[in-house]
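Several structures are given next for inspection.
Heads up, the next two complexes both have chain A, just with different partners, chain B and then chain C.
Now for the complex of A and B:
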């Protein structure tokens, strides 16, 4: 393996590294472009918990849209609890406000017996559509996102995969 | 090693391309299925009492408790069917090859106190109706049957169906149904509000593709929902002596099968 690396001229090596960097930055720009198009900070999310079963199971991929600021009751929104970085995917069960007042929402998971009042930050009774909500679910692909759950639960998988990908890109002569 | 690696890459790449194409075709083909949903929803009883959000709360808010009749209906081919022909109303036409389940919910919406703010809305009842092909999940609706369930030790693990006997998924007939949730306004006062509306909605969850909500307008093969709404006013606050406790009971849904919430 190292003999093949040593036989590469510096220019070829530099080209391979540039190629790799181009792939990474294209992926990154596609992601950011989708973020801008949907106006959401995280336009594609993976379902992490079973609180929306049987609609969404763990590992499902959800596509979000954040340009509909007049969220209706029954829509499924992804929101962050204030002060924490965990996105939660639940359904809107109540709404107040809108128009000249900020729109306030109450959410509940389909598979939870109680609504989300206990999950919100202390002293917070409702979500604010403009501040807390990351986006509203418009489309869904089952099971494809389970890879990310595996990657986060087994961190060594992440380094192994990145290493493998880097190796294949560098060793390929084209 | 080099050639087998390339082969594996090719096979995997081809597999993902085909899977993606099939999923896209399934998701888009839903537009070709025809839907003719209709329903009849009628308010049976509404009362407003003072209550607390939970046992230890010091807030005393007004809660409205609504009972309703629901008949989920299908519009027949004739524009004006005589009443005797409306036999088995249902939302079955919403179930196509790409439907995993339908989340049906009934909301009560009432105008807000200020004209520049749109009406507030709250869900009072919901049910998850799975498609017949979906694998079983405990959090699905069990349609009440006319037979009263035996109270004692019959270990009937018979999973009730989400539709009445002899019907198919999408048919729902409820009479004097208790709600799952009671309505309260953020201001704490809901008595004597006028122009409230009870309406039926649904959310079709596909196997793959876009989620769809209620449509009252028609789009190509998808007819809008006919019926399924009822207007009412909230009555004045009732004293606690005149209310029967059992009138305020709510129904627990299938989520209770899960245990403590996560």
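Now for the complex of A and C:
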């Protein structure tokens, strides 16, 4: 299998490696391009908990848009708790400010009994729209996100997938 | 070259092995290979990859907010470079497998295959003849098991491409028993292409055994 690589001229080997590098970098740049387009640091997220049932189930893939800065009550937003990197998907139940004052939001999961005040960082009673919110949900695909959940729960899967991809792209010459 | 074998049913393998053999053969005949087109493609490609790598590191170290505008610029630059890369590959390189020159004679060879047809299509552009497409079935130089045999391949090349025939006159001569291909080489003017005259000429090919 690798003998076909050994017989290559150095430039051809460089070209094969470039093919694989381009696959990775194009995927990454497409992701970044989507981030720039939606103005969101993470334009596609996976639902990890059941706190928004029956609207969203665990494993749903959500598409975010972060250019609508005047978020209304009833919109579903994804936000990061200050200091933690876990995105939470909940619905806006109250607004403060807006207009000239910075917009602040209170959120609550549909399937939760209480609002998110306990989830926020200590001393934080509301979300800042401009700082904490990653984006509002504009669309979703059910169940597809389970792949991401699997990849994060079994990290060896990521290595295996990447290794397999590398083999097939570098050894294939088309 | 014949110690490894490929699947004779894989058109891709057949073409790639033939392309590699052609390159090796011509380099062995002291053709100086001109890699400028491939180098340009590699340069563009690796520059794009470098931009992506820098963007990745910057985003990892500095976070989204700080790198937002830089990322937008990087994405645009990457798209442009990728466009140039694709254009170069499809329109300029267009199947090119060897480009070079020998003793002032330039040659450019591009190959392709057609789906489900076991034929090697070779487009030759050289100093001696204008761009023309030759074709030959892969069975001419591949055994049933998928082993590549160099001699018939070299004979075909030397007898149908003038510039190669000049460089490798031995192969340009057809075996008397091989009646399947008619030598077309006459245009280079010298009678040295035919076997009988080679013997009488006492040139460097006189080492050739009967």
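To be clear about the criterion, the second predicted complex is superposed on the first by the 174 of 174 C-alpha atoms of A that agree within 3 Å, B and C clash if a C-alpha of one lies under 4 Å from a C-alpha of the other, contacts with A are read in each partner's own complex, and residues count from 1 in each chain.
Note that a contact is a pair of C-beta atoms (placed from the backbone, for glycine too) under 8 Å apart; a residue touches a chain by one contact, two chains touch by 3 or more.
All values reported here derive from a predicted model rather than from experimental measurement.
Enquirer: After the match on chain A, would you call chain B and chain C a fit or a clash?
Expert: fit
Enquirer: In the overlay, answer first, second, both or neither for which of chain B and chain C A:96 touches.
Expert: first
Enquirer: Quick check for you: in the superposed arrangement, does A:140 touch first (chain B), second (chain C), both or neither?
Expert: first
Enquirer: For A:126, is the partner it touches chain B (first), chain C (second), both, or none of the two (neither)?
Expert: A:126 sits against chain B, while chain C stays out of touch.
Enquirer: With the two complexes superposed on chain A, say which partner A:112 touches: chain B (first), chain C (second), both, or neither.
Expert: first
Enquirer: Who touches more of chain A, chain B or chain C?
Expert: Counting residues of chain A touched by each partner, the higher count goes to B.
Enquirer: Can you report the vertex angle at chain A, computed from the C-alpha centres of the three chains with chain B and chain C as the arms, to the nearest 10 degrees?
Expert: It is 140 degrees after superposition, to the nearest 10.
Enquirer: Touching A:74, do we find chain B (first), chain C (second), both, or neither?
Expert: In the superposition, A:74 touches chain B alone.
Enquirer: Which of the two partners, first being chain B and second being chain C, lies in contact with A:41: first, second, both, or neither?
Expert: second
Enquirer: Which partner chains sit in contact with A:53 here, chain B, chain C, both or neither? Use first/second/both/neither.
Expert: In the superposed model, A:53 contacts chain B only, not chain C.
Enquirer: Please work out how little space separates the C-alpha atoms of chain B and chain C at their nearest point after superposition, in whole Å.
Expert: For chain B and chain C in the superposition, the minimum C-alpha gap reads 9 Å.
Enquirer: Give every residue of chain A touching chain B within the complex, in rising order.
Expert: For chain A paired with chain B, touching residues are 49-51, 53-55, 70, 72-76, 91, 93-101, 104, 109-114, 117-118, 126, 137-142.
Enquirer: Under the stated contact criterion, what part of chain A meets chain C in this complex?
Expert: 3-4, 7-9, 11, 14-15, 18, 21-22, 24-26, 28-29, 32-33, 35-36, 39, 41, 173-174
Enquirer: Which of the residues in chain B end up touching chain A in this complex?
Expert: Those in contact with chain A are residues 23, 27, 53, 100-101, 103, 105, 107, 112, 114, 116-118, 120-123, 126, 128, 130, 134, 137, 139-140, 181, 185-186, 201, 203, 205-211, 213-214, 252-253, 255-256, 258, 261-262.
Enquirer: Please output the residues of chain C touching chain A within their complex, sorted ascending.
Expert: Residues in contact with chain A: 4, 12, 16, 20, 23, 35, 38-39, 41-42, 45-46, 48-49, 52-53, 55-56, 59, 63-65, 68, 71-72, 74-75, 78-79, 82, 85.
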